[in-house]
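These are the structures in question, set out in turn.
Below, subunit A partners subunit B and then partners subunit C, in two separate complexes.
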Partner chain A sequence: MSGSELPKLARVAHAGHCNRCLSALPSSHIQIDASRLAIGFYCFGTLDLLGSIYEKTKEIEREGWREWLWHQQTSGIHGTGFKPSSYMTQDRPYGTDPEEYSEYDTPHLIMTYTAILSLAILRDDFEQLDRNGIVRFLQACQREDGSFTSFPNGGESDLRQVYCAFAISSMLDDWSGVDVDRAVSFIQQCSSHEGGYGQQPTGEALGGTTYCALASLYLAPSVSDLHAPNPHVTTDERRRTIRWLLQNQASSGGFSGRTNKDADACYCFWCGASLHILGVGDLVDRTAFLSYLASCQFKFGGIGKAPEDRPDPYHTYLSLAALALFPLEDADPSWKLPRLNALWNTTEDTADWIRQHVPLYTVKAQSPVRK
Partner chain B sequence: MHGVKRVQYSQAALEAKKQRDHDKLKAYLALSDDVIARKKSHDMSNEAFELTTRLLRMNPEFYTVWNYRRDMFIESLFPQRSPSEVNELLSDDLSLTFELLKQHPKVYGIWNHRRWCLEHIPDGPSPDDVNGYRNSTWNKELFVVEKMLDADARNFHAWNYRRYILATMPFPPPPKSELAYTTRKIEANFSNFSAWHQRSKVLTTLWETGELDRVKSIEEEFELVRNAMYTDPDDQSVWIYHAWLIGNGNYAARLQFEITSIQELLDEQPDSKWCMESLVRYKRLLIEKHAENLGDKKALVDSCLELLAKLRDIDPPRRRRYDEIAEGIRSGNEMQ
Partner chain C sequence: MPDIAGDGPEEQPLFSERPDWTDVTPVPQYEGYNPIAPIFYTPQYKDATDYFRGIVKTNEKSERVLELTEAIIRLNPAHYSAWQYRYHTLLAIKAPLDAELKLMDSLAVQFLKTYQVWHHRRLILTAIYSPPPSNASGLNDPTATTSSSAKSKPSPESQAAARTELAFITRVLMVDAKNYHTWSYRQWLLAFFDDVHLWEGELGFVERLLEEDVRNNSAWHHRFFVVFGRGQLQGEEDRVAVLKRELSYTKDQIALAPNNASAWNYLRGILERTGTSFSNLRSFVEPYTKTHEDRLGDEEILDLENPAPSAEAELPCVAALEFLADIYEKDAVSKSVEIWKRLANELDTMRKKYWEYRIKEALKDVPVQS
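Let's turn to the complex of A and B:
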């Protein structure tokens, strides 16, 4: 099938799906309450990729979201970060001074990453960002073995948190909160014999953690020339990883996240972006890729993990992000998406905004970009 | 989000569902507000404890409520209680988490809480038997994790947890018994890559401690993998495990032997992508690592190119990859 025979990208419907999710989610989604900031990010990210932030939302709504996001920034003995939502504490009235958090309500590392991206998508000026506090928070989350926990007082630790710590440091252009050598050493221990990286040193290679590992290794401050071999990835690891990633593309065009599992739209991003970062994006079968994601579109809007599955903001956003990395020449114009910064996982325009507003000193902010 | 299937509803059913949704949400939000308020006021009562149970059943991802529950154990429920009572409280929570895991097998908070319970089992039941409670509970964990793996043999949370149990329990079974476990899982289903993966970890340990002779063991593993290959040549897991056994390909005789064996399989199954892909891989290793000992290097190179041409046809998604490898072989360069 050629690119021109593919169905269109239902841009309006997908924007609608995410817009609705920004207002409310049904009771079947109660469990996502614990990660509301992440859901927000997937919705904002979708609208950003579709170029509909300004069309589909009103300034008063964006102002409300920015305010809500800043309301989640919280400070205390372990530094500053963003909470997943206000559900964990009694809501203090807007406009009052924030109290210091207790051991229950500490900020969350992954949510801090999604909060910064969300605010950038909403074009906030970041005047309220407590940069030093965030650096202290990162320090508090790093463990002896180099990994990071979600909270300063515990919680699970794996490559997702390492990636968030690296992405945040890179966006702040301030690495003083991270012991890079120890973190890199942890990442390398997660390298699997299959290729790819597992969650922990003994784990199976997973698509998501492979992305987190590679993005971290390419964000690391010692890596200045992105087109030269990365000092933290051996030739053998690179080869094995490319092979493993490519083998995960099924004949349907979709990617699976692990050896011998089914294709899932979100892995089109995790695995696809990994290949892009390694500089071998050209080896992906793009037509099949696009055709798979096209078939995951739900007729009332949104994209699900597989054809016929229910959609959600997570799969919608990641599918679009994947498509942004692998444009197809002869596809319908509806598939045209803006360039994506694969290392931060946001559009290049939003990445520019981050470079100009997030670091303390923006003159020297030159964040690496994997083209 | 993952694994929620679409269902069609009639108009009346939709209305009813909407109402149920609304009521459920209302109840959840009310309960959530109540628990958070109590947490803020440091309420450590039994009543608060029961409410956290109810809330966690509705939303086991609510990690802060797990934290609150653990604090209640430490601050108010454990003090003043005998070891046997504490042990019972923890057993109850182990049952609760097991029940929740059956419905939510991949929620980090539940697995975490389980670990915490195990790590807090008190000394007892008696001064002469301080490890009694611990031993019996930890021993049961392997059965628990086995139940989870029966339900989903690829659940990596469960596999990671299994590795944690084996590494932490007071009297772990010998590694050879874990090897036997992986054998059972693999024989039940060759596609269970997680089991092959676990096997590779266990064998590495057994080789390091010298409990198993590495050379002999690897021979046996090649036998095992050959059986699996012949039974199901299309299974990816088998080929990945085989590649692990080959390792860096420093042992030329083994490479040659395996190449011959795989070629025989390919003769029987001429369209087997994995056979072809592996042959190219191992022949390249021969070319790269054992060039001085090769009789006819050109024959090897030609054979690789021929295989890659066939692979292009039968495995179109990876066409570009095969072209790139062929280019590298032709120009004699080290691939990527």
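Let's turn to the complex of A and C:
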């Protein structure tokens, strides 16, 4: 199949799916109560990629979302960050200041990363961002072995949290919250015999955490030139990782997350972006890749993990992000998407906004935006 | 999925209707305006979480908190604050932790894919077998230090517990043999108790799973962890013998199902880990790189060390050709190039660009012959 034979990308329907999720979710989704900010990011990210954040939402809505997001920023003894949602927040009169958080309502590392991205997509000015508090929060989350926990007094600690700590530090352009050497050594320990990275040092190679490992190693402050050999990835390691990643492109054209598992739309991003970061995105069979993602489009909007599967904002966003990384020349114009920043996982326009507004000392006065 | 525990909390009256909870002031959730992705809570969930926020506010740690947090967990097993508070309550009121493990047995099967279920189990086992020093606040997560492991000399009691726990995970893996959380937990458990008797059974366990599904990559990965990872099995000090055994096992599995990426990745992995040259495997690999027709001319010698592909095998095998090309790359790169071209144009066209890239990379350092 050539690119011109692909069905169209159902842009309006996919935006509609995410708009519906932003406005309300049925009670069957109670399990995401403690990760609502992540769902929000996937919805905003979808609208950003489709270029419809300004067409499909009103300024008054965007202002309301920004305000709600800032309500999730919380400060206390472990520093400052964002909560997953208001699910543990005690009621108080609207507009009054919250008390310091308790041990059971602390900020959450992954949610802090998604909150900054969402606010940037909504073009917030970041005047309310407690940068020093976030740096203290990162310090509070790092463990002896270099990894990070999701919250200061516990929770998951694997490559996903390391990635969020690295992404946040690079957005702030302030690495004082992270012991980079220890974190890098933790990442390296997660490298598995297959060439991918496991979720933790004993784990089986997995597409998502391989992305987290590589993106972190390329975000690290010791890396100045993305095109030069990375000081944290040996030539052999890189070769093994490329081999394993490409082996995961299944005959359907989609990528699987682990050896001998079925293809899944989200791994088209995790594996595809990993290859892109390693500088070998051209090795992906793009036509097969696109035709797999095209077939995962759900008839009423949104994208699911496999053909005929129910859609969700996570698979919808990641499929579009993957498509943005691997444009196909002869495809229908509906497939055209803006350029993606693979390391932060957001559009280049939003990445520029972050560079101009998130660091304490922004570069907007000195240097023009890199195009 | 059937409700294993039988009594779902939805049959229970709301906490707001119960006389034994009237002394608690429920605290509603602060939602603010314009919430992102608000969820329509069920009355049960809203009721239980209102009471939970009330309990957290007064910092009550009591028996009934266990009931409340269990109700929330059954409605939303990803409610990590409820898990956290439950754990601290168990420690504070010195609740029997073996009963907690029993309860977790049913919750683990019900909520297999939820991380918190497995994390809580780790916390409970750590609290029983490696209690934190008494001066610790207890608020920090004891699994958050890598040094955490059971006391150096395992007691008969902890050995028995570890065996029971391992048997439990085995049962859960029978339900879902590739669940990432379950495997991570098994690996953590082995390292935590670090008892030779526990490690001993692992190879047999992996082999049983691979007999059922030789493409189960999680099982192959676990084998690598057991043989080359943290554990060094008793009687395995002789690493040459271990490598020999692993090679022999892997070759047998490849003979059984040649087009199995898990087995080839394992083979490459053990060679790389032990610094063994790929070319040692040449006579094993070659028969898999030919078609059945081409093999007709070959003299059939029974070689127990190098099992040949069966008559039903799908040949030639892409992974074998890839392996052979890697052997040639060092001193006969033109043969590698020939193989890569075949893979690119005929046998593995999905990765056409990759095989062409391999050719380009390999020839980069080779002086052009005139």
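In this text, the second predicted complex is superposed on the first by the 359 of 371 C-alpha atoms of A that agree within 3 Å, B and C clash if a C-alpha of one lies under 4 Å from a C-alpha of the other, contacts with A are read in each partner's own complex, and residues count from 1 in each chain.
Just so it is clear, contacts are C-beta pairs under 8 Å (C-beta built on N, C-alpha and C of every residue); 3 or more make two chains touch, one makes a residue touch a chain.
Remember, it's a predicted structure, so these values are computed and weren't measured experimentally.
If you put the two complexes together on subunit A, you find that subunit B and subunit C bump into each other. Of the two partner chains placed by the overlay, neither subunit B nor subunit C lies in contact with A:Glu127.
In the superposition on chain A, A:Arg143 makes contact with subunit C only, not with subunit B.
When both complexes are overlaid on chain A, the residue A:Asp309 reaches subunit B alone and has no touch with subunit C. Contact comparison for subunit A: of subunit B and subunit C, C touches the greater number of residues. Once the two complexes are laid over each other on the shared chain, residue contacts for A:Gln200 go to subunit B and to subunit C alike. Of the two partner chains placed by the overlay, only subunit B lies in contact with A:Arg238; subunit C stays clear of it. Of the two partner chains placed by the overlay, neither subunit B nor subunit C lies in contact with A:Glu59. In the superposition on chain A, A:Val280 makes contact with both subunit B and subunit C. Contacts of A:Ala288 after superposition on the shared chain: both subunit B and subunit C are touched. Of the two partner chains, subunit C is the only one that A:Trp68 touches; subunit B does not reach it. Where the contact sets of subunit A with subunit B and with subunit C meet, they give residues 26-27, 29-35, 87-90, 103-105, 155-156, 192-194, 199-200, 202-204, 206, 242, 246-247, 249, 251, 253, 258-261, 280, 282-285, 288.
Those residues of subunit A whose C-beta lies close enough to touch subunit B in the complex are 26-35, 87-90, 103-105, 155-156, 192-194, 199-200, 202-204, 206, 235-236, 238-239, 242, 246-247, 249-251, 253, 258-261, 264, 280, 282-285, 288, 298, 305, 308-310, 312, 314-315. Listed in rising order, the residues of subunit A touching subunit C in the complex are 21-27, 29-37, 39-40, 43, 61, 64-65, 67-69, 71, 85-92, 94, 98, 102-105, 118, 143-145, 149, 153-157, 192-195, 198-200, 202-206, 240, 242, 244, 246-247, 249, 251, 253, 258-261, 280, 282-285, 288.
Put simply, subunit C touches subunit A in their complex at residues 27-42, 45, 49, 53, 56-57, 75-81, 84-85, 114-115, 119, 139-141, 144-147, 178, 180, 183-184, 187-188, 191, 215-218, 220-222, 224-225, 228-230, 260-262, 265-266, 268-270, 272-273, 350-354, 357. Within the complex, the subunit B residues that touch subunit A are 1-2, 4-6, 20-21, 24-25, 28, 32-33, 36-37, 39-40, 58-64, 67-68, 104, 107-108, 112, 154, 156, 159-160, 163, 191-194, 197, 200-201, 235-237, 240, 243-244, 248, 316-321, 324, 334-336.
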